[in-house]
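Letters A, B, C, D, E and F name the chains as they come in the text, with residue numbers starting at 1 for each one.
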Amino acid sequence: MNLSKNLIRAVIAALLLIPGQALAQETPEFASFADTAYIFNTLLFLIGGFLVMWMAAGFTMLEAGLVRTKNVAMQCTKNIALYSIAGLMYWAVGYNLMYGIDAGGVIGSFAVWAPGDPATSDGSYASASDWFFQMVFAATTASIVSGTIAERIKLWPFLIFTVILTGIIYPIQGSWEWGTGWLDARGFSDFAGSTLVHSTGGWAALAGALILGPRMGKYPKGGGIHPFPGSSLPLATLGTFVLWLGWFGFNGASQLAMGTIADANAVAIIFTNTNTAAAAGAVAALLLTQLMYKKVDLTLVLNGALAGLVSITAEPLTPGMGQAALIGAVGGIIVVFAVPMLDKFKIDDVVGAIPVHLMAGIWGTMIVPWTHAPEDGVTYLEQAIGVVSIGAFVFTASAILWFVLKLTIGIRVSPEEEMMGLDKAELGLEAYPEFGQGSQRV
Amino acid sequence: MKLIIAIIKPFKLDAVRDQLTTLGVQGLTVSEVNGYGRQKGHTEIYRGAEYSVNFVPKLKLEIVVDGKLAGKVIEAIQETAGTGQIGDGKIFSIPVEKAVRIRTGEQNLEAL
Amino acid sequence: MNLSKNLIRAVIAALLLIPGQALAQETPEFASFADTAYIFNTLLFLIGGFLVMWMAAGFTMLEAGLVRTKNVAMQCTKNIALYSIAGLMYWAVGYNLMYGIDAGGVIGSFAVWAPGDPATSDGSYASASDWFFQMVFAATTASIVSGTIAERIKLWPFLIFTVILTGIIYPIQGSWEWGTGWLDARGFSDFAGSTLVHSTGGWAALAGALILGPRMGKYPKGGGIHPFPGSSLPLATLGTFVLWLGWFGFNGASQLAMGTIADANAVAIIFTNTNTAAAAGAVAALLLTQLMYKKVDLTLVLNGALAGLVSITAEPLTPGMGQAALIGAVGGIIVVFAVPMLDKFKIDDVVGAIPVHLMAGIWGTMIVPWTHAPEDGVTYLEQAIGVVSIGAFVFTASAILWFVLKLTIGIRVSPEEEMMGLDKAELGLEAYPEFGQGSQRV
Amino acid sequence: MNLSKNLIRAVIAALLLIPGQALAQETPEFASFADTAYIFNTLLFLIGGFLVMWMAAGFTMLEAGLVRTKNVAMQCTKNIALYSIAGLMYWAVGYNLMYGIDAGGVIGSFAVWAPGDPATSDGSYASASDWFFQMVFAATTASIVSGTIAERIKLWPFLIFTVILTGIIYPIQGSWEWGTGWLDARGFSDFAGSTLVHSTGGWAALAGALILGPRMGKYPKGGGIHPFPGSSLPLATLGTFVLWLGWFGFNGASQLAMGTIADANAVAIIFTNTNTAAAAGAVAALLLTQLMYKKVDLTLVLNGALAGLVSITAEPLTPGMGQAALIGAVGGIIVVFAVPMLDKFKIDDVVGAIPVHLMAGIWGTMIVPWTHAPEDGVTYLEQAIGVVSIGAFVFTASAILWFVLKLTIGIRVSPEEEMMGLDKAELGLEAYPEFGQGSQRV
Amino acid sequence: MKLIIAIIKPFKLDAVRDQLTTLGVQGLTVSEVNGYGRQKGHTEIYRGAEYSVNFVPKLKLEIVVDGKLAGKVIEAIQETAGTGQIGDGKIFSIPVEKAVRIRTGEQNLEAL
Amino acid sequence: MKLIIAIIKPFKLDAVRDQLTTLGVQGLTVSEVNGYGRQKGHTEIYRGAEYSVNFVPKLKLEIVVDGKLAGKVIEAIQETAGTGQIGDGKIFSIPVEKAVRIRTGEQNLEAL
């Protein structure tokens, strides 16, 4: 924090990063309004990035709250590990696989990312701020998976899956659209990732849930469903609020710029639409569970808010407030119906990630043309092509990977371990060692 | 000496304890238990799936008393713990052969 | 995140929003320093807005920690629902009722809000960013109410009250001051809402507490007070820290601008004064509880910090650091005396919202003239007129509404339900189903 | 929020703060690009400041999760109190002791801080924003101490120690480097405080741990170690995520400026390096605990992430991504070995603050020259001199202070109180009164 | 009347309760307990230090039944709670002198 | 056979268990309980209101032993669990008619 040294550092940094501009940077003064825009854009990425990073904590709390006590520490372990892995893999492989692609292409390049790589910036923002913002999206995708397949998957196969998901699978499909690959060329539109992030996470989760099978005792032989209530609803609620907060970064900074009045207005509209969709999703689930079950189900209200957020993510800018509310409310409704529907198919999704991220993600993506003028060229057909092609790729790739893991190292803990809980079985510790039966208490 | 075991509704604890104190009972031990009986628990809904919770939270009191006091104690519990509604609980009486106060080594009635 | 498409989008957005300026926005370059200020102002609203949004999570955690286990899930449900409802009502009614008012007027207009409405922006910030920032204030007001009347009020009457509070009651009184209505014209001053937000929430809560009555067993017939210790003090502490953090947005962004050096300096001073008042409030409660009870009461320290924050909210800019510390410390002292005092009057305020928000809010508002130069025209008389008139209006309107709800659908759960806990009775689930007695465990 | 009044306020504020400039501020327009930079710099401090403030909540949750149930409320009390005390002491004494020093000097001046003091700003940012950012660093230092000596130290001696630490000890050593004192003059380099904040906290904690002694029963007479598992691993995980998030402010805003492209680039690089080091620290601890113990230890993974963060803090700007990963990974490795090593020496560090903050802090400081060009003049020798001299000063001063407290009011609770838990003994309440044995439940 | 105390593995609760119901048992009381026995607990590692957890979570069932039914009840528990693996638990039988239903005051067999 | 019920201070558990093991006791069952007795609990203050916590956390040990061993077991508990301070707890002895090991069906002394 020494100012004189900072100047030296800043100059060095400038030299390292944008060699051409650094020479012009001899004074700390602005050279032009373009510089101001550069800083605003960078700031938007950084703020958006740290808000999305915070979503990793949101997923952790949501999942820790919705699994049973005996699996809480494992869920925490998986979540901090997956965020860390995403941070390394997206640097080592992911970013350039996603953005080092030719326009209209199918696959990017394999190269470690480094800041200042001219390919990674159009010169209107710091390349490192862009990397940071893109990386947290990859981490979000992995967070989605961990919730669905909780309480029965072994730690290491999950982590290996995460390595491939954040390093390979996510970047490849991402390159098709945001990397300006073939889907982008066709006219597919997914503003902040209803399909690219949320459905992708959802498809990977679905493949895992199918191959892993449900938790022991969830669907008893005699028929019916045996619910396993989550261990801590306040933690689940906290997680939902964290995700809601993070989503302002997720959608808002996906505007990718706020150096002009138009961009600033756009970011502001994205904030309001995002909030409105979430609110409408929560209220829809609130009303619907009251009507259907005569009781409000808090966990479905939480899921409803998240489904509202996922739904608006494909296009948070063009809808009016009423449209945003409607889009979000339908997301909330989808969740209330899809959660028991999955149970009917005996697909065991511990936290509801498939309804929230996959189904509401599809809905959000398909409804994009509704709020676009025809001349924008966003069509239902191209949206469907995007949804289907990304879905097919991610589901197939994930299924193959899960299968390979199953056949090699195995993906599921033993029934005894599942009964004992993953915390004791795999970690050798307990999340709340002292409560109730805790061995430490006695 | 008798060991009186009483299963009661949790919110009745204070009333029962106060009443027993007036009878001269100087100690008792309470545990949190779950009861199954005629009172049938209730149905919960979690994420669209109904399930019935068969067990009802109760408290179990264990009180060792002089055999001569046992009748009165049972009566007192029955009166103060009752609401007249299903699930009020049970009282059981079991013979105790020996009692010891750990602190002093006093035995039997002196130990209570 | 496709750049070319984003440009199109940005232009569309600009056209939708500020038709006049959009034409001038053909290049992504800055047109002028005024544009830079516009972006800074918008950014301030957005950052302030998401910080205040986060306060909704803070209230949730604080309240979940201070109610008993059997009511925790209900408290979470109420809080996420109220934030959602505020988001919808402030759009459908609230904003224009509050800001669509004539200068010096008494009531605004009834109109759905839409971004870009020229009435909602003076052209120096994105209108949507302002809406977002104002909306989260309405939500905060409702959050205050939910804590006081916890553990006994039914879900739906509370939600209906929230609809009216955030859509009608809050905006009307808000219009008198921030909407440039009659109180503003008289010279009343409430920078960030000690009265407009906090006391308003407090009056609504007080009316509710009086009409609902205390929790069963809180004031036993034999006299005395039977405390019901909160279920989780770490969650209550977390909630307090979240609120403290959010308050930087609450007060800081109430400067409403940071496009000039003077505004940036002001925002920075507001941050330091806000922090100082909170710190002094906490330390005052710490010392006072030690002196009075020979033991520090954590829950009063938490309340003390919040009371410090409420106290400085009416004027976080003009005080010096020492003044800020004093204003906050008095807030902390008020709480330590007011909490048992309310108990003496058998007013059962579960989380201490009335001392924290209503009483410290009055204190903060009344002390504003102290740190103002006489020529600012802020007088104790006008402050008192503001406090009393808003108090009278909000208390009366709330009391009528609570009464109507009581006579129609009823506002209080049955004694059996109250004993069983609202989670089981009204939601049919449990916050921590597995701990201790949890039915799932056995 | 009245605009006209705000203008008046802003002008007053400007007059109060930067008298010279205020006259030039008659219009709300920008005067120059320098003004824009001023606002960006101020904004960076404010955002960084609130993120670091949030770290106080992170430490609270981490510590609340790692102590036993019976000491949780006390840990919450200590943490909110220490943050409050830091906020007052750094105003009353700390800031000017730290920054009111002559270049190359040994001690600053004793003076209460006030905004606008020309000594505290070089005119390129709001002085209050700088104060706020510096203050939260002092609070962080105190947070580190509270974790190590938890579960046995009395409340008031701890708070008195905090008063001196944040008001005197931290500022004096800080003045030597960031205040441009003698260490800075020699060429010592510590960008964001691996030594100045983290090791300082660690040394103070170590002195406390040695003088207090271990918790009863931790090192049984028969030999061996009796672990006391933390009460809530999800809270500990939440705390770690909060700290990780806050660290973007900690390191990012330590760039101290973002008003130029070079600075914006630097802040962005700092974000990515910070994240990478944390991720690598977590992954290193994950792999290492699996290898060493055949089980992953979540608490060490959490510590590993934090050690990664501490390690990169001395120089988050110059490393490349690979270097950042390596620096962080070594931090994670240090933790895994140092935690049991401390146990061997019977130094009882409840949360691992000494390995994380002191040891990784030394590592991070010593490795700074590796990523610097020789012409930067950062040498291993000068780094060692900085580490040793600050360590010697802080350790000695802390030890003396702990001793004086021990001899006067006593620092340790009685064995009975320790067995009963500090919550009941010192606060007279319980963190989770209803769980398990809770008196309220029965 | 007998008080049957059964220490069982927690996941066997539903099976045992169902079986007892078919025998006509109408009520029972369950507590969460920790057992020490031949089943030796396990070793945990916390921050690099190993330690053994000696106690194993179990459930304790308390069932007061007509003396004539006691044999069948014990048998039924033994059959349904058994897994054949160490740690399956124990059943103890203790004489009960008196039983009272709090709600009605009914006594002994009628009270069950 | 006897069922020895011991109410002890929680931190004495390890000492008692170790001592019993040396006597040849191979199993026991522990529950968390709250005790009311001469040791009077303490006063807490919450938000300015005082209230007394009447119940004190204790552990309850249940040990079924050969009648011949009962005396020694009681003695051993009394010695190891005692601190000489109020609230040390009680030991009660109750006759047991039958014991069964669920795993094997072994009965009575063999079942312990």
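Going forward, a residue touches a chain if its C-beta (ideal position, glycine included) is under 8 Å from a C-beta of that chain, and two chains touch if they have at least 3 such contacts.
Every value quoted in this text rests on a predicted model; they were computed, and no experiment measured them.
A.B. asks: From subunit B, count the fewest steps through touching chains until subunit C is reached.
C.D. replies: 1
A.B. asks: Between D-E and C-D, which chain pair is linked by more C-beta pairs in contact?
C.D. replies: Of D-E and C-D, more C-beta pairs in contact link C-D.
A.B. asks: Counting only Cα atoms for the centres, state how far subunit A is from subunit B in Å.
C.D. replies: Inter-chain centre distance comes to 52 Å.
A.B. asks: Go ahead and note the Å separation of the Cα centroids belonging to subunit B and subunit F.
C.D. replies: A distance of 18 Å separates the two centres.
A.B. asks: Please compute the C-alpha centroid of subunit A, do the same for subunit D, then give the distance between them in whole Å.
C.D. replies: From the centre of subunit A to the centre of subunit D is 30 Å.
A.B. asks: Listing for subunit C: what residues touch at least two other chains?
C.D. replies: Residue numbers touching two or more other chains: 36, 43, 47, 229, 232, 238, 293, 295, 297, 299, 428-430, 432, 435-437, 441-442.
A.B. asks: I need the residues of subunit B touching at least two other chains; which ones are they?
C.D. replies: 30-32, 34, 44-46, 54-55, 94-95
A.B. asks: For a test of understanding, state which residues of subunit B touch subunit E in their complex under the given definition.
C.D. replies: Residue list for subunit B touching subunit E: 2, 5-8, 31-38, 54-55, 58, 60, 74, 77-78, 81-95.
A.B. asks: Show me the residue ranges of subunit B that touch subunit A in the complex, using the header's touch definition.
C.D. replies: Where subunit B meets subunit A, its residues are 44-49, 51.
A.B. asks: In their complex, what parts of subunit B are in touch with subunit F?
C.D. replies: 3, 17, 26-31, 62, 64, 94-103, 105, 111-112
A.B. asks: Name, in rising order, each residue of subunit D that touches subunit E in their complex.
C.D. replies: Subunit D reaches subunit E through residues 225-227, 229, 292-293, 295, 297, 299-300, 336, 339-340, 343, 352.
A.B. asks: For subunit A, which residues are in contact with subunit D within the complex?
C.D. replies: So the residues of subunit A in touch with subunit D come to 1-3, 5-6, 8-14, 17-18, 21-22, 25, 28-31, 35-36, 38-39, 42-43, 45-47, 49-50, 53-54, 56-57, 60-61, 64-65, 72-73, 76-77, 79-81, 83-88, 91, 112-116, 126-129, 131-132, 135, 155-156, 232, 235, 238, 426-436, 438, 440-441.
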